[in-house]
Each structure stands twice: as C-alpha cells, then as structure tokens.
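By written order: A, B and C. Residues from 1 in each chain.
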Amino acid sequence: MNIHELALKIGALQVEGASGTEEVTHTTAIEDGDPGALCFIGNPNYERYITSTKATAVIVSEHFQMPEFNGVKQPVLIRTKSPYEAFGLALEIFSPKRTQLDKGIHGDAAVHSGATVAKTARIGAHATISDGVTIGDNTEIYPGVFIGPNTTIGSDCVIHPNAVIYDGVTIGDRVVVGACTVVGFDGFGYVPMANGFYKKIPQVGTVVIEDDVEIGACCTIDRATIAETRIKRGVRLDNLIQIAHNVELGENTVMAAQSGVAGSTKVGRQNIIAGQVGLTGHIETTANVIIGAQSGVSKSITKPGTYFGYPAKGHREALKLEGALRSLPELIERVKQLEEELKKERA
Amino acid sequence: MNIHELALKIGALQVEGASGTEEVTHTTAIEDGDPGALCFIGNPNYERYITSTKATAVIVSEHFQMPEFNGVKQPVLIRTKSPYEAFGLALEIFSPKRTQLDKGIHGDAAVHSGATVAKTARIGAHATISDGVTIGDNTEIYPGVFIGPNTTIGSDCVIHPNAVIYDGVTIGDRVVVGACTVVGFDGFGYVPMANGFYKKIPQVGTVVIEDDVEIGACCTIDRATIAETRIKRGVRLDNLIQIAHNVELGENTVMAAQSGVAGSTKVGRQNIIAGQVGLTGHIETTANVIIGAQSGVSKSITKPGTYFGYPAKGHREALKLEGALRSLPELIERVKQLEEELKKERA
Amino acid sequence: MNIHELALKIGALQVEGASGTEEVTHTTAIEDGDPGALCFIGNPNYERYITSTKATAVIVSEHFQMPEFNGVKQPVLIRTKSPYEAFGLALEIFSPKRTQLDKGIHGDAAVHSGATVAKTARIGAHATISDGVTIGDNTEIYPGVFIGPNTTIGSDCVIHPNAVIYDGVTIGDRVVVGACTVVGFDGFGYVPMANGFYKKIPQVGTVVIEDDVEIGACCTIDRATIAETRIKRGVRLDNLIQIAHNVELGENTVMAAQSGVAGSTKVGRQNIIAGQVGLTGHIETTANVIIGAQSGVSKSITKPGTYFGYPAKGHREALKLEGALRSLPELIERVKQLEEELKKERA
C-alpha cells in the first residue's frame, strides 16, 4: 500500500521524509524492521532502534524527536496522536482474519438433536453441544469444546478449543472465551459440619457474560451459589484468572493474568487490575480504580485512583511507606547514635 | 412447600411472623427476593436488605435483631443455629440434581476393550478410557476426559469435561475432579548437568485421591517422583491450584483458588488455606492451621492457629508488625526531632 | 540388579557395607524403603531415616556421615558426587518408558488431509490436526489435543492430552507440552478508545519453542503482537505459568509453578525463577539470576545473583531489610525511651 494512502487510513497527523512512492507491504517489530515494513514506537524504550531499523516507515507520536543520525537512509516517520492505536489499525489492514474452522458442523462433533445451531455457525470436531443449547449466527465453536444443557450463546462469538461452558449459562454477542477456560463450574461453597467435614452447598445460580467480553485461556468463572455471577459489557480478562461465585465485574474493566476475585465481590466499571492481584470476598471497588501488580485488596475502595501493596493502599501512601521502609536500616543506625550520644551527655 | 414443613426439614429453632399458610417455591439471594422466595442472612453485611426484600421467608441466626420497620409486610423469619447450613439444606430441597450425561457409554467415546466400566457408570462423548482402567458404579465421566492406563476410579465420582487423569492413579469414592484439571502429570524434577542443561528425573510415583475429595477446575496435581502424592479424605480444593510431587494434604483441609504447595510438603488435617498462598517445599503444617490470603509459608508450622504475611507469621506478630510498619513515617519524624533537640541541648 | 553392577552404572565413588550379593529390584522413597529397594538422601532433612529404613541400598553424598546405630542390619551405602543425579540414573534403569498411545493414528482422530504426519508418529483419539500441520518422527499427540493450521512440530515430542497449539506455531525436537496447556493464544493487547471501550490489537506474531523445552500443565504461552514469543532451548516450565506476548526466555531457564512474565520481557539464560513470581513487562534479566518465591520483579536485573521480595531486591539488601523490619517494634520502644530520657534530662 502506498505510504500516503496508508497514512490516511490510520489517521496520521503528518508524514515526514517520504518521497511519496514508498510502498508498505507488512508489519514488524521495530528491531526486526526490513524493507517494506511498517513499525511503531509506542514506548520510549524502543526509540533507540529508530537509527538502525531497516523498516520503510515508523509510526511515532506527535512529540517524538528524531535523533542525529548518520545512516544511509532514514525511515519515513508517520506522526499520530496514539501510535499504538494507529498501529492497531495498520495491523487490521495487513492481517487477514485467521479462520481455522470449516463451515458448518464437523462430522465428528456431537450435537444433541435438541440443540438449536444457527446455519452460519461453525462447530469443530469433537465438540459436544448438549440438549437445549442455542448458538447464534457466525459463532465459532472450536474442537473439544463442551457446552452444557440449556446454555445460550449469542452471535459472532468464538469459543476456543477445549473450553468448557456448563449448563444454563448466558453468553451475549461478540464474546470470546479462551482455550481451556471453564465457565459456570460450581462455586466454592461449603459448610463445616461438627465432625470437621465440609458439606457442599449446592450452587444453583448461573453465569451471565454480556456482549463484547473477551476472556483469556485457562480462566475459571464460577457459577453463583444463587442468583448470578456477571461479567459486564466490554470486560477484558487475560489468562489464568479466577472469578469466584456471585462476583460482578463492571463495564470495560480489564484484568491481567493470574489475578483473582473472591466470592460476592463487585468490581466497578473501568477498573484496571494488573497481574497476580487478589481481591478478597464481599467487597466493592468504585469506577476508575487502578490496582498495581501483586496487590492484595482487603477492603472496599470507594475513591477512584491508583492503589497498590499488600494490603493495598493509596498510591501516595504506598510510595511513602515504601520509601520509609527502604530507609529503615539507616534509621536504626540513627537511633543507635542517639542512644550513645545521650549516654555521653549524661556521663 | 408449606413454611412449617420447610422449617422442620431445615432444622429451624423458631418461626416468626408466619400465618401458617405461606408457601415457599424457590430460593434467591436476599437482594433479589420475590414472593415465594426463601433467602438467608449468613453475613451481617446483608442485614440491611431485610427491610426491603420481597421474599416470603428469610433464614436468620438465633441472635438476629429485626430492625424497626415501616414496610407493608415483613418476611417470615426462620431462626436457626447456622443460617448457612440451613440454607444449604433448603437449596437441596428446591434444586433438582443437574444431570448432563445420558446413561451408558456415548457412541463417540473411545473406551479400550481392556477397561472395566460399571454398568451404571456414564461416559460422555469424546472421552478416552485407556487399557486397564476401572470405573465404579454411578461414576460420571464427562466429554473430553482422558483417563490413562491402569487408573482406578471409585463409585459415585464425577470427572468433569476435559479433565486429564494419567496412568496408574487411584481415586476413591464420591470424588469430584473439576474441568480441565490435570491429575498425575509428571512432577517437576530435574538435575542440573555440568553444561547447564537440566536433566529430567523420571517421575515413577503416583497420585492417590482418597474418598470424598472435591477438586476444582484447572488444577494441577502432580505425580510423585517416587512413592505418592496423597490427597486425604474430605479435602476441598478451589480452582487453579498447584499441588506438587510428593505433597500430602491432610483430612478435610480446604484451599482457596490460585494457591500452591511445593514438593514434598505435608499439610496437616483441617487446615484452611486462603487464596494465592504459597507453601515452600519440604515443610509441614500441623492440624488446625489457618493461613491468610497471599501469604508465603517458608517454614514448618508446629502450632495450631492463624498465620499470615510474607513470610507468614503468627497472627498477633503479623498484626503488630503491620501496625509498626504503618507508624514508620511518623517514627522517622520523631527520630528527626530527637536529633534536633539533642543538638540544641548540646549547643 | 547386582549391587556392584548398579553402582557402576550410576557412577558411584564407593560402596560401603555390601557383601556383594545384594540385589536391587526397585526404587522407593527412603521412608518407604523395603528389602530390594534403592533410595537416596539428597537433602539433610531425610538423613534421619537412615537408621530405620529397610531399603537394601541408599545413595548418599561423599560427605555423608553414618550415625551411630544399633539396628540389626545397615543398608548398603553408595557414595556419589550427586545423589540426586545418581538416583535419576537409577530411576531410568528401573522404570520402563510409559507408553499410553497405540501406534499410528487413532480412528477417532480428525486429521486434515492437508496435514503431514510422520509414519512413526502417534495420534490419539479425538485429537484434531488442522490443514498444513507437520508432525515429525516419533512424536506423540495425546487425545483431545488441538493443533491449528500450518503449525510445525518436530520429532520426538510429546503433546499431552487436551493441550491446544494454535496456528502457525513452530515447535522444535524433543519438546514436551503439558496437558491443558495453551500455546499461541492471542496476546493481551488492547487500546483504550475515547468512550472507555478497549479495542483489540490483532495479534499477528507467533510462538517459537526451541528444541528440548519442557512445559508443564495448564500453562499459557501467548503469541506475539508482531514478531515472536520465543522459548529457548532447554527451558523448563512448571505448571500454571503465564508467558505473555513477545516474551523471550533464555536457554536452560527454569520457572516454578504459578509464575508469570508480562509482555515483551526478556529473561536471560540459566535463570532460576521460583514459584508465584511475577516479572513486569518490558524489562530484562541477565544470565544466572535466581529469583525467590513470590517475588515481584519491577526493574531490569543486570547483575547475576539472588534476588527476592516485593519489589525484588538483591539478596543481601533484602535480608537486611527483613531483619530491620522484624526489629521495628523494638525500635519504636527505643525511640519512646529516648524521648522520655530527653524529657527528664531537660526537666
């Protein structure tokens, strides 16, 4: 694609150093750039590659400063407001959709006669679709998936290989469920008996996954004890995440890998939860909360802002405490000296 | 079901505010209560709903105090010793068993001719049952499950979809194995060679899961290097839990999601281990130990009690340390002031 | 096997207490040793069993000291430089290879006509092999595995049950992929739109797994946004590990269970990363770094050595800080006393 046509399509503010005949044929990382390649710099750590890349064009921010440079040929600079977003558009242009399933129902799938599968849906080999299931238009069910009885899956969804979706679950449109992810398994609810044995509380609730949700691989999203576990519109979950029974995740909330939310906790909308974070049960977070990696959230968070630590604190308090902690060995020395001086004073 | 009949069945101590003709038809969360519903209050956080719920009846504790209330109609109160336990009984009454598998062996299952499957067992589509496997009465093997050669599974077990149970494993009666859980994979044992390469130690031990154990989804329970990894009677494991080679979990021990136990560690009976906890290898915990969320246990625990932190400490010590830590910025100020006062004193 | 023949095969330095006619028939843990058994002591914690074991022979280190002992019969001691390594060799001698798959392609596997499968490869029931896939000599694909289009798997690999390997992935020779592990799922890359919605960045890169890599069960190894995620030769990953998009793991690096590496981070060669560790994105570690359990690595590590804590610090600094922290309650008391003394002084 011609450089100026491309610049137009990705919302460029300005194009620098182009003769106008440059052709972009593919996308690469900046350190791997070769002739024909389009790259981007979304993070200052990658600016150092700008003088060595052989890419044809590089998407940069408005404020990017080209360093002095003795190279034979500079790449074209495409300035944009958000290089990451512009590169996302470029990736869509240069990458065809990956289709891995044939049309229709594979001969080796086990589809119950009581299931309703849209004609435009695709069902892979060794998938199991139970009685009473409804599957919407253009939805793809990959090989090895299990869908329990009476579950409803909307249109344009992708259920990845070996995912398990139990009975009576409701999934909206344009939902992605990652490989080996388990949705609607019984919540972890037991009552201790007098003899020490834990008796199971039947988990008779369900899971509702709203439209436009994307869930990673090897996640577990448990059904509610009663009522529902709800993942609201636009939520993005990375891999290996635990969502316990009766949890609610607010609209457009994002969680990174290996985090977990304990039972009945309500996470607000537009939260950003980093990796390996834990939220205890029966708490709430308000909208627009950011929680740093490996934090442990033990109380409700009622004010928007950034929190981190174990237990999680407000950003400013946490930084102050971390600084104080680092100075602790020195403080011990200072106290020792004070003690000695006081001793001398009194002698 | 009539309110008094129900009260009798769930072991009520007292019924308050009933005319005697009330009918309960289903169970809900208290905030979702509608006419016909039975709810419960197991946690003081939910008491606030008692004045707004439209439920017919609410299970409460002996000591629950009904707040002053101007509503048109109060729900019937069913007082019990343990509202959670009573509600568990009620859930069983109002929820039919969820059966998702047809009787017998599905035509799309691959059952080896050398396997012994009880006539009352159910085997789902696309399950693979290897040579020498024994499966007991009423056991359900869901679609996509793999059972390796010579493994024995008792009666009344449920092996959920896409779970993997390797060769030579022994599973007792009434055991639940969650979806995508892997039992009996090789333990993580390597020896560093002089050239930096890690050579695998063959893992020739096994896994034994005793009666009445329930294991969540996406867990990994490795086989022993030699001898066995053993999960004792009544253990309950949540999702995404790692149990390494040669670990032993004591009777009725409960572990929450995303926790892990490293190799050869022996966890005592009736332990309660919260979420995202790690126990290092080659240690032991005694009976009746409680470990708080995200703790790291690096030494054996020989006294019953509550522990938390990183590294985990006794409850009282950990709280004291946490309080001391919070006061650290103030302590730094106090030391600074002492230094200044001493300076003045000497001047 | 005769004791002297065995000693020769496992590289013994010396054999003590043997009549020469002893026969070893199997291997056990030292606490389970019975006549005919070979055991080992690789860890001082197990030395206490030496006087009670009924094993025929025990592998010990050069420096092991036999305690005074009134037992009827002592086990033969086989002294070696590395008992763990010697026992590894013995395990190989006494344990036949576990073969769980029949030769050839199972009748219930779905192998696309456009796939190239070596004649000596084994494909289990309910496996799905897509168009354009190449599978090398002696490679075993277990039941329920999904291999996406155009993926290449080398020779002598084992892909365990219900593992998922997406399209366009490259896997070398002698690679092990654990059960329910997902390789090549889309990386977690989104761009926030002005309305709060997160738009997906197409993930058009791939995953390369070099020769001799072993990956545990329920791991997730994401494909790169562009370019590749690379797991280098000899890497060993335990279970439930997250490797994000564009990560590189250096040669012979070892990671224990439930650890995770965020996007674009490069881990050096011969690193040892303990369990439940997190590494943030866009950082690097040099060669020969050791990171303690549950640590959080937030900055690049440029010097070999041992690190731990949250955030991770050098071993010496971390220990000093931990000691300082433990003495904090006492320090508070000392400051209080100083304040009182100074008050008296001035009075």
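As a convention for this text, contacts are C-beta pairs under 8 Å (C-beta built on N, C-alpha and C of every residue); 3 or more make two chains touch, one makes a residue touch a chain.
Everything numeric in this text was worked out from a predicted model, so none of it was measured.
Judged by the touch criterion defined above, the protein chains are all mutually in contact, each touching every other. Homomeric contact chain A/chain C: same residue numbering on both sides for under half of the interface positions.
The rotation that brings the Cα trace of chain B onto that of chain C spans 120°, given to the nearest 5. Centroid to centroid, with C-alpha atoms defining each point, chain A and chain C lie 26 Å apart.
Residue positions of chain C touching 2 or more other chains, listed in rising order: 108, 126, 144, 162, 180, 218, 240, 258, 276, 310, 325, 328, 331, 335, 338, 342, 345.
Those residues of chain A lying in contact with chain B across their complex are 108, 110, 126, 128, 130, 144, 146, 148-149, 162, 164, 166-167, 180, 182, 185, 188, 190-191, 196-202, 204, 218-220, 222, 224-227, 240, 242, 244, 246, 258, 260, 262, 276, 278, 280, 282, 296, 298, 310, 320-321, 324-325, 327-328, 331, 334-335, 338, 341-342, 345. Residue ranges on chain B touching chain A, taken from their complex, read 27-29, 32, 43, 45, 82, 84-85, 87-88, 91-92, 94-95, 98, 100, 106, 108, 124-126, 142-144, 160-162, 178-180, 212, 214, 216-218, 234, 236, 238-240, 251-252, 254, 256-258, 269-270, 275-276, 293-294, 310, 325-326, 328-329, 331-332, 335, 338-339, 342, 345-346.
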